[in-house]
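Which chain is which? They are A, B and C, in the order written, and residues in each are numbered from 1.
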Amino acid sequence: MFDKIKIAGILLVVGMVAGLAIVGVHTLTEDRIEENRLAMQYEDYVSIFPDMDLTNYEEKALDQDVLTTRITAYDSDGDFLGYIFIGESASYGGTNRVLVGVDSDGRIVKVILSQTQDTANIVQNVIDILDKFEGQAFGEVDYDAPSGATQSYDSIWRVVDAVSLMIEGDPTQEAFESVFEDADSYDVLFDHEDLAFVEEFNIRDADGTILGYAYEIDVDDENTVFLVVDQDDVFKGFVPKDAVDDETQAMIEAYDDHIDTPLVDIDPDTGDILEDAINDLKPLVETTTRVDYDIVVRYKDYIEDDEVVGVTYIVRTDGYNARMIGEVTIVDDELFSFVIRSHNESADWGAIIIDDGDLQEALIDADNPEDVDVKEYTTFDATSGATQTGEAMQRIVVAALEYHNEEGGQ
Amino acid sequence: MAEKKVAKNPMKKKKKNGRLDILTKGFIRENPIFIFLLGMCPALAVTSTMETGLGMGLLVILVLTGSNVVVSLIRNLIPEQIQIPAFIVVIATFVTIVGMLTEAYAFALHQSLGIFIPLIVVNCLIMGRATSFASKNKVSDSAIDGFGMALGFTFALMLIGATREIFASGAIALGVYLPLPFEISIINTEMYLFNMDVFAGPAGGFIVIGVLLALFTAIGNYRQKKKEAERQAWIEQKKKEAAERKRKKAMESAGDAS
Amino acid sequence: MISPTVFFVAIVSSMLINNIVLMRFLGVCPFLGVSRKTESALGMSAAVTFVMLVASVLTYILYYLVLDPFGIEYISTIAFILVIASLVQLVEMFIKRFSQKLYKMLGIYLPLIVTNCAILGIVEINIRENYAVQYGFGAGLAVAVTSALGAALGFALVMFAFSSIRERLDAATVPESWKGVPISLVVAGIMALAFLGLGGIV
């Protein structure tokens, strides 16, 4: 017993002496280490703004997902040079720290990848093309990832994109705010084809409650307009996204009289694309009960003799790359059709299955879509993202059926 | 036998030369990397240039000398059962301290070595010297042993680093990572024209160490063969001498008899 | 809720792209020492996987619940190595007590693991990745464990592949001075080249 206490005592003493030594050295070196870390940051700052006065800058923490800090840089005369935005964004090797310098004209001065754990030769591919950002205005730079470095590049792009939103503001959000004061966020409901409008949005307040819906109309290449309705499908007017030319403005104003009229009661005769949009939307509105339910939206009812015979659900899920939207129609409680409305899968992998159509057929034919083995349809590359694409498709069908069964199709 | 022989016994030639031997054995004869294959991880990871290799070597010199001294100092106070944990604490303390000092006074080196600084703790070389030498020997000997072994380690890292750097960039730079007042490149060759990046990468690390190891083994084998030949010659000579003596004796006794 | 892609990427990246042995140079000693026989390679891998997963969880919790709140992150190295050493000891005692079969399989590899830099390396990398800051404490732990699992699988993969190659190498005629470790290292270099190509996945 005494032996054990002695051993414990010795270990304790060894530990304490070690601890004291470490704490001692820590106190000695702490300040210098802090200085060094700062100096490393400064090196990045100076490479963006060589004239920056390092004794006089402002640092502001940003409450944002990607961007962490905004540095306001001045030169030695105290003149404003620009901002440096610091962002952190995940890549496959770990977190990448990206600095984006923006000058007083709102142009990108430089983009720096200051910390990364990605593999050196992949990082080099990315660094080689970071020059293309220099001197560009936001919006002028295209997303153009070097092959074999998509993840690394994506992480940088996310930061640049976040800065762009912060500098320029988000035109879509601003447009919605001009209609609904409480508008706080929006999400894309789904993409339309063959209609006058291309994308449909949910507009939400800070609590996530839906305030209304918006439909994006591309008048021409330069001008984009939203058709906004509230929750009860009352017309709230057309609002421009960004600045629009006088012609478009005039088209919008022609509808000002109709604001606050239920959409179905509007009978436009302007003969332009806005009229088409309203005409396209009316039948949708008449037959649609929109329910906000996780990722499933009941979109369109087919009614015969006052009885619901079929329902179309819009289901949104994550594919391998990004959002994937499917349209599932259920007639007489049986799966009737399943179409992928939009996706972002890569052409060489995921898109092949979608275009192929075999999986869609299999899912419709199956007694229980959950039992379909997705891998059978992705055998050309079972380990790649193709399997994830297939599984996403399966999820869409299963979610729609589950929702339908819960709600009883009524 | 009191009289001096002409041919020395090669097996006995390597009489321990005391402290000098403890200091130098780590270079070639007991080189931690090339002979014992200890500390292979840092040998691969931090040797893409000679200077990072040198930097890592310097840190290991500090840690190993320090930990050997302390382990030797406390060797009689620590009961057998808790030797390992106590040594781990000692080593980890030294590594932490050296890490902090590096971050304070050689920041660029700290950044480039990264995770391999804390990993010095699990470098088998250090634990190995603590248990096999420092826990059994005097403080002064332990210090010399630690210093010498770490020096051998540093030498190996620099050799690997220099080879890789020359092939990858055609030059050897100094002053980039270590806090030296100058920044120069020592050797400049036309090698950069071939631009063999692979030597700076992981594959180059494995291959260069493999080749150097083969070289060391070849030299070792050659020496051993030479030694073996010497021994054979010595044995032959001994046999001859013995035969000579026998013959002499026989002749003498024959003479006596006659 | 973080997207499942994060986990997928974590596994693929720590298993293949940043392979712990061939790209990060962690755990090279057992790689060269133990991987002579396929059987022992697998035993070592199993032991490493087990200890790595448990050590990841413990050190993560230790770091974010003790070291970080008290502002003593700088002693993390010493704290982690003690955790790993005691963990290995405990596991060894536990296995010995409850499963002789398992002990026979893993027993001899466990003491070797303390000085296996793969464990301490992965643990340190997990902390440096700031998963807790990125994803929150709970989800960050899940990501950390996932990437530790990926690393362990990567270790097992390379150990297994390499041991198979070495069994053949032993039978091959190799120049005297290249026998054993030197030729193995060159082979490992060629394997590393092959793994470099996997970087194209992302």
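Observations, loosely collected:
Throughout what follows, a residue touches a chain if its C-beta (ideal position, glycine included) is under 8 Å from a C-beta of that chain, and two chains touch if they have at least 3 such contacts.
All values derive from a computational prediction rather than experimental measurement.
Centrality by C-alpha centroid: the chain sitting nearest the overall protein C-alpha mean is C. The most distant chain from chain C, with centres taken as the mean of CA atoms, is A. Taking each chain's centre as the mean of its C-alpha atoms, chain B lies 27 Å from chain C. With each centre defined as the average position of its C-alpha atoms, the distance from chain A to chain C rounds to 35 Å. Centre-to-centre separation between chain A and chain B, using Cα means, comes to 56 Å.
Shared interface positions of chain B, defined as residues touching 2 or more other chains, are 85, 89, 92-93, 96, 100, 201.
Within chain A, residues 18, 22, 26, 121 each touch two or more of the remaining chains. Residue positions of chain C with contacts to 2 or more other chains are 23, 74-75, 78, 125, 128, 196.
Chain B contributes residues 74, 77-79, 81-82, 85-86, 89-90, 92-93, 96-97, 100-101, 103-105, 107, 111, 197, 201 to its touches with chain A in the complex. By the touch criterion stated above, chain C contacts chain A in their complex at residues 3-6, 8-9, 12-13, 17-18, 23, 74-75, 78, 125, 128-130, 134, 196, 199-200, 202.
Of all residues in chain A, those touching chain C in their complex are 18-19, 22, 26, 88, 90, 92-95, 117, 119, 121-122, 147-152, 318, 320, 388.
Remark: chain B residues 37-38, 40-42, 44-45, 84-85, 88-89, 92-93, 95-96, 99-100, 115, 118-119, 121-124, 127, 198, 201-207, 209-211, 213-215, 217-218, 221 touch chain C in the complex. For chain A in complex with chain B, the touching residues are 3, 6-7, 10-11, 14-15, 18, 21-22, 25-26, 28-29, 32-33, 36, 39-40, 120-121.
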